[in-house]
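Some structures are shown below for you to check.
Two complexes come next, and they have one chain in common, chain A, joined by chain B in the first and chain C in the second.
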Partner chain A sequence: METARHNILEGRKDQVHRKGQEPFNMACEKHSLAGSVSQRACVFCGSRVVLYPIADALHLIHGPAGCAAYTWDIRGALSSGPQLHRLSFTTDLRERDVIFGGEKKLYHALVELIDQFQPKAAFVYATCIVGVIGDDVDAVCKRVQEEKSIPVLPVHSEGFKGTKKDGYKAACDAMGRLVGTGDTAGIGPRSLNIMGDFNIAGETWLIKRYYERMGLQVVASFTGDGRIDDLRRAHGAALNVVQCSGSMIHLAKDMKERYGIPFIHVSYFGIEDMSRALYEVAEFFHDQDIVDRTQKLVRDEVSQIMPELNRYREKLMGKRACVYTGGAFKAFSLVRSLRTLGVQTVVVGSQTGSKDDYDLLRKLCDEGTILVDDTNPVELSRFVQEKGADLLIGGVKERPIAYKLGLGFCDHNHERKQVLAGYEGMVNFAREVYSSVCSPVWKLVPGRRTESEASGEAAAPTLLPVARKVS
Partner chain B sequence: MLLRHTTAEVAERSALSVNPAKTCQPIGAMYAALGLHRCLPHSHGSQGCCAYHRSALTRHYKEPIMAGTSSFTEGSSVFGGQSNLLQALNNMFTLYDPDVVAVHTTCLSETIGDDIPQIVDKANEKGHIPEGKYVIHANTPSYVGSHVTGFANMAKAMVDYLAEPAAMKNECINIVPGWVEPADMREIKRLCWQMGVDVIMFPDTSDVLDAPQTGEYEFYPKGGVTIPELKQTGASSATLALGHTASAPAARALDVKCNVPCEVLDLPIGLAATDRFVDALRRTARVEVPQYLENERGRVVDVITDMHQYFHGKRVALWGDPDQLVSLTEFLVDLDMRPVYIVTGTPGKAFLKRIEKALDGRVPEAKVKQGLGADMFLMHQWIKNEPVDLLIGNTYGKYISRDEDTPLIRHGFPILDRIGHSYFPTVGYGGALRLLEKILDALLSDQDKNSPEESFELVM
Partner chain C sequence: MGKSKVTAKPNPTSGECRHATRNPCRLCTPFGACMVFHGISGCVPFIHGSQGCATYIRRYLIGHYREPVDIACSNFAEPTTVFGGKQNLETGLINVAAQYVPEMIGICTTCLAETIGDDVPMFLHEITKQHPDLPRLVQVATPSYCGTHTDGFNQAVRSVVEALAQSGAKHHGVNLFSGMLSPADLRYLKEIMTDFGLAATVLPDYSDSFDGEVWGQYKKNIEHGTAIADIEKAGGARASIEFYSTASSKKSAGGYLLERFGTPYYGMPIPISVKDTDRFLSVVSQLSGRVPPDKYDGERGRLIDAYVDGHKYVFEKRAVVYGEECLVVSLASFLSEIGIVPALCASGGHSGRLRDALAEQIPEMMPDVTVLEDTDFWDIAEAAKAVRPDLIIGNSNGYKLKRELGIPLIRVGLPIHDRIGASRILHVGYRGAQQLYDRIVNALIEQQQEESSVGYTHI
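Then we have the complex of A and B:
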């Protein structure tokens, strides 16, 4: 087979680890090796995905049309009100602007757009080209802010200035300038901000409902179904609850420093992590009423989903999964959630995990599990085949690879179509995994034996990897 | 309403695009390069460009898209991307073993002024490019032209780097198919073979981006024009370039370099444009048009005459790439429909003239907009002012379709929410038939949905 000849690049050897082999010294947070088919994106991408869900802001991309075209409404971050974030605005820089500078164009674009759309604030994303031609984006933003009396915030997201993580930081810097500028009247002591949930398929709404049932007030959501006015008064909240380790930590730290607001890390994926999140939040407030409400919530929700979850677990017992996510934090939850479903994680990796992340992943996984940082399709497909995975969890670029190999797939990224967070999300996740992994369509794939053939008997769950043609 | 922010009042915009009807050059270069057998496209720029292009192509084709990136850093933006490209070439040939790497630039690498041929020479000196392997390149600054320009530039690079002049010409005809779908490329080849014409098509994405499920992940699917074939293009007796924007530069370069005469035709979409293509094949290859093809054409005409009353006077809005728009407009006018709004974000001088010719003076109310401010926001504003019966264009029209309750036929790039475009051609007579079916389906379904009970018809 074609891929058999391909080896792991020498320079990437220490970004792959097999649990059980010593020493464990995972290299990560490295710039990708030039020439490898990396699944990673750029600084701009990081900023764009974080800020995008703020629905009543103008998001103007200062650069050639491409950066705006590729990020036009590609993330299912839902808004309960304005839909301004789903339009694509770009200064559409041309050769002339590259030579003479794009500041004038940026100024006019901002003024025209603010007049027409009356946004609550404007974010101006600097792209690669802006970083090279040296437009003073800050100055233009400042000028328009004064003229139009709304916050106009530069986002320094030049693509080449680091990784996606640096883009998160640029986004946090921009939002940090909003926080503290609003009126905190009406915010009580039992209050919090939701950070790092992007309301994909409506997940923020679900989480918000949980907190409200616990008797807590949600001040602002960064940034799912986000609103500028909420962000501006977010410093009135008693606690920041941070999901998605990479994207929001800078802002959480900044708010702790400036306003003394403590933060906790949580994950909303899977029963274990979801419940732990709610309990940790409840404990923070030292209020028995909140704790009682939380216990009831968890009890009710868990008992409601268990019967259905058990049905899926029966079908999925012994299956094997490969998990490849953007941030590593989600990978932790996925490994746990899959275990809840009886599925073993045999390959796990992320685009942007840190050393601590991989250390934790290693502890979480079974012996022999392959850990990868910033992998590429060749590696990934090889590991998947070697480990006999039945399921790949990833994003848009991984999906067709899984299907070509005849594997089940679950999108746990921008393109997920239903809530995967929370308790009902766990059921959706189980259903999605089941419907793909146990789909009869894989029987149509050449070279893939059916389950009954592999195990020697019909309908029995099997621990055998499903054999696939390897030459 | 999703596009509630769209106002009917059209304001003159001086400095921006809202919901662009184009994207940038590099993705076109990447698409063209995928039509070269065992080629690894390479994006010389930041990592994000490559990730975005791969994602966009993946969403459109539902196929794995492989490409390398130079992974620019802050350092590369100051000191140039030479070391990145050298390392990348070395890594790619070592790890992925392509026959050829097709490098395209980005706004970043263009602006800092990286000289790709010089870097490739250096890679050769250092032994990074194995014996018998190739590196080709195209300059594709994102702030010039559009994705179509990028396709044209990479197709031309194939000629510049690989075509070899030959004193003796053979009977073969080169076809540059333009930015069309794999199914269209397959259909064009079928048409040629049916006429007994031997062709080399480049680029050719059939069997690359519509690869069958085999249970294996093929890093390089079996399709694509091969390097020996590309070398042979210089010995062909003629080149037919389909589409002025996407295909003419490659064909003209081949004429200059290898003295292969070329004819630039419209994309063979619709009856008349297909007629011209078939006729050009007949003249250039000196063959007869087989009865089979005549019959295929006859069936198209038969459907048009059978159903002409449903086409009459229907107002259509279309957007997309210049070459597609010109041929579609001509076809719609032939059907007695009224293409009233036409928008492309792709610049290029001759487009407005070609559209005018295609409109043939029969749609005086037609509005055509190109370049700056020619975007989906403007299109929606036009439609709000005076509605249309049908939309034809890429997936980005679905917002307008929903808000204005107007049927949409998906055509062009990208199509992110349906299948079919990779598998069913819209070129040739078969393609015309499919377009007719789609147009009628859309119009008649709309009539069924919206007609009052008393005039709801069983027989149409």
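Then we have the complex of A and C:
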């Protein structure tokens, strides 16, 4: 009945769970069901998003022009120097290339682009078609690498060869070939690599400043504002600090195995997770000076933002949110951040969460919260309506769902132009949520379902609603 | 195309052979096909290939239209690629039918499905036999290495007509294959047809699905668009009107109907200039047997009055124009009419007919026009610097060039992903020309005003 009411496809029933219902046996990490309008992209997308911010590398997409056109300068990943990553290069395969093979074209394209742009390295992304026509991308890369004396790295990101997560792994494999090839001179014992932050709107810079204030040296950033030479010497760092664990875990594990570098998982979103990240990093170094500096940093930053946060909290108290992210790790932070703002999460899901992720999410959420893996627009729309959500947090693809249904929206994806990480990011996040949820325009949306009309099956909110103020 | 087996093209400035494309000036074929399917009532677009194709195309369309766009996909996995996509196609179609309850599913292929040799027509034949309850299935072959989004669009229109238009029973309606225009354009064209008393089948008609109202309650967003019943009758229409400049009518929907049912065919450029709109309205007038209502005389008169008011600001200015080939030709025609030199006309399209189409429309200007076909934004930027432009007319992808040259960019066409209101941009007819003209003149005035140290408040 429930399935029919929510228009959930038979093949997806076990990818939806309501907290409170037993047993909890969430199916996830599987290929998207055919015909379901998944919000996921493909293997290529996974590789492209991870490597994209490396600003002094050439990123050449071996395939038809479309894959390159759709990913041209779409992200907010900033660079403090070269801007090569913001251009879009493709071998632009045509019918005759498909018939006769694309290796020759790839070779010539690589050579001419390397000559023109003088990159520090080149990444060559294999798209679907390359996997089918049988181009030996590795051989071409090897040849050009020898001729041009820069690393030329194949990225095996054929779209159909798994999910976006497999694309992360392909990207990690390519980066793994760079790590360990550079000089580690000048790297001290109090050093770390930032992994899984992509410098959206300058977030890596912010995090780097925090670490520097703690007395730590940042060796390399994978990959926000990333540089090839930094990546090559990253094995000299004492610690890998991994955010967005889905995308970087392969490389962190690889570096642990090869160089004995330990790693910790962190998140830089929200006061709780941001502070925990800094404290955990500080503790790792067993140095009272670092711990003292960290305590001061957290105290200063938190006290600075609290007055403004409280103002937003007052306005947002009792609102309900739906969170749908790429990786599940971000969803944890968002549920906590929203709670800081007095907002209850009533629907939460991700494109690529693992069983453990969903288990943790379930523990974190209130009774009745809907958990969903790899959802589609039909389901998502039904869920937010049923739960009377006031806000949807997601990416550009989710935005029109929110707006059409009369919900506020906050872009928490890589295309945003706003810092949402760190302490100042928390204030920005609160302002983003406030400026959307409390806009007067929603009053004009006809037939919009308000929370009081939502079905009563959700448990009482954790935070009691206060009287709504007219915004 | 190069002489070797490798496809390469000469660099317009240096003349050397190019193998890589730098900042593409086109999208892929399934993109255009999805737009068409989204403009048919009760139809869900469906991509037979990898998940990413559907998601990227959705993402791009949502960025432009700011509307929900659902595109289903057969979501290939590795075994699908090895063993063929039939099973995924079948499961996918059944799931789409269950979740959307559509009247039709419009299936377009991808480079992947085409290259592994999936025989989609045969698959569909078998699937339909096995599942007679499935909605109507219409397919178009759109390998992305063949052509551009415009080609995919035109092929999809033709495939839909071929599949659905089975009857030649005569009626008084008119088919309008308007090509890749904005929702505002489609609304205006329908208004014109109504004003002339003509029942028009505009295919596709995504004016509401890509530019809808706020909902409040969930909708599947497949309710709007060209009615399938109207497409079925297309063969018996009084005539087909088709906007094209570089596409071949032999491959077009209108060309097909002419050949199959003898449906009279009128091909013409997208009507933007007064000259082209006059031509369009004269055909409409002839088909309807009515003189144009006074309203259009008024629009035309006011447009020319505005041309006069602003002529000094635009005369002999030089413009860079890029985008879909047909749009570039019609914009060039409009610019030449108001005294602006379309000094660089560029497109990522590779029909090979852009130069000829321009020469036909603006013969007197051609000596001063650089034409770039099958080009990319890197070459457009290089060529633009050489033609000393005063303004740029095209989609959002020219923004970096605008910044570099410090001249205005008038946003037209698709994609427009750095402004809101792309759906509301009117390009066609007297009213469209009026809006474009005002935007161009005001952008040039603003440039002059901003650059002046005086700060004039009366211009």
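Operating definition for what follows: the second predicted complex is superposed on the first by the 441 of 471 C-alpha atoms of A that agree within 3 Å, B and C clash if a C-alpha of one lies under 4 Å from a C-alpha of the other, contacts with A are read in each partner's own complex, and residues count from 1 in each chain.
Methods note: contacts are C-beta pairs under 8 Å (C-beta built on N, C-alpha and C of every residue); 3 or more make two chains touch, one makes a residue touch a chain.
Given the structure is predicted, the values throughout are model-derived calculations rather than measurements.
Superposition note: with chain A as the common reference, chain B and chain C are in steric clash. When the two structures are aligned on the shared chain, A:S275 is found in touch with neither chain B nor chain C. Shared-chain residue A:N193: touches no atom of chain B or chain C. Once chain A of one complex is fitted onto chain A of the other, the partner contacts of A:Q83 are limited to chain B, with no touch recorded for chain C. Of the two partner chains placed around the shared chain by superposition, chain B and chain C are both touched by A:G162.
In the superposed pair of complexes, A:F100 makes contact with chain C only, with no contact to chain B.
By the touch criterion defined above, A:L113 reaches both chain B and chain C. Put simply, chain A uses residues 7, 9, 11, 31-45, 60, 63-72, 87-95, 97-98, 104-105, 108-109, 112-113, 128-129, 131-133, 159-163, 377-378, 381, 396-397, 399-401, 403-406, 445-448 to touch chain B in one complex and chain C in the other. By the touch criterion given at the top, residues 7, 9-11, 31-45, 60, 63-72, 87-98, 100, 104-105, 108-110, 112-113, 128-129, 131-133, 159-163, 376-378, 381-382, 385, 396-397, 399-401, 403-406, 445-449 of chain A touch chain C in their complex. Every residue of chain A that touches chain B in the complex is listed here, in rising order: 1-3, 5-7, 9, 11, 31-45, 60, 63-72, 74, 82-84, 86-95, 97-98, 104-109, 112-113, 116-117, 127-129, 131-133, 159-163, 377-378, 381, 396-397, 399-401, 403-406, 444-448, 468-469. Taken in their complex, chain C has these residues touching chain A: 1, 4-8, 17-24, 26-31, 46, 49-60, 62-63, 66-78, 80-81, 88-89, 91-96, 98-100, 110-112, 115-116, 143-146, 212, 214-220, 348, 378, 397.
Chain B makes touch with chain A in their complex at residues 2-5, 7, 11, 13-20, 22-27, 42, 45-56, 58-59, 62-74, 76-77, 84-85, 87-92, 94-97, 106-108, 111-112, 141-144, 146, 211, 213-220, 345, 372, 377, 396.
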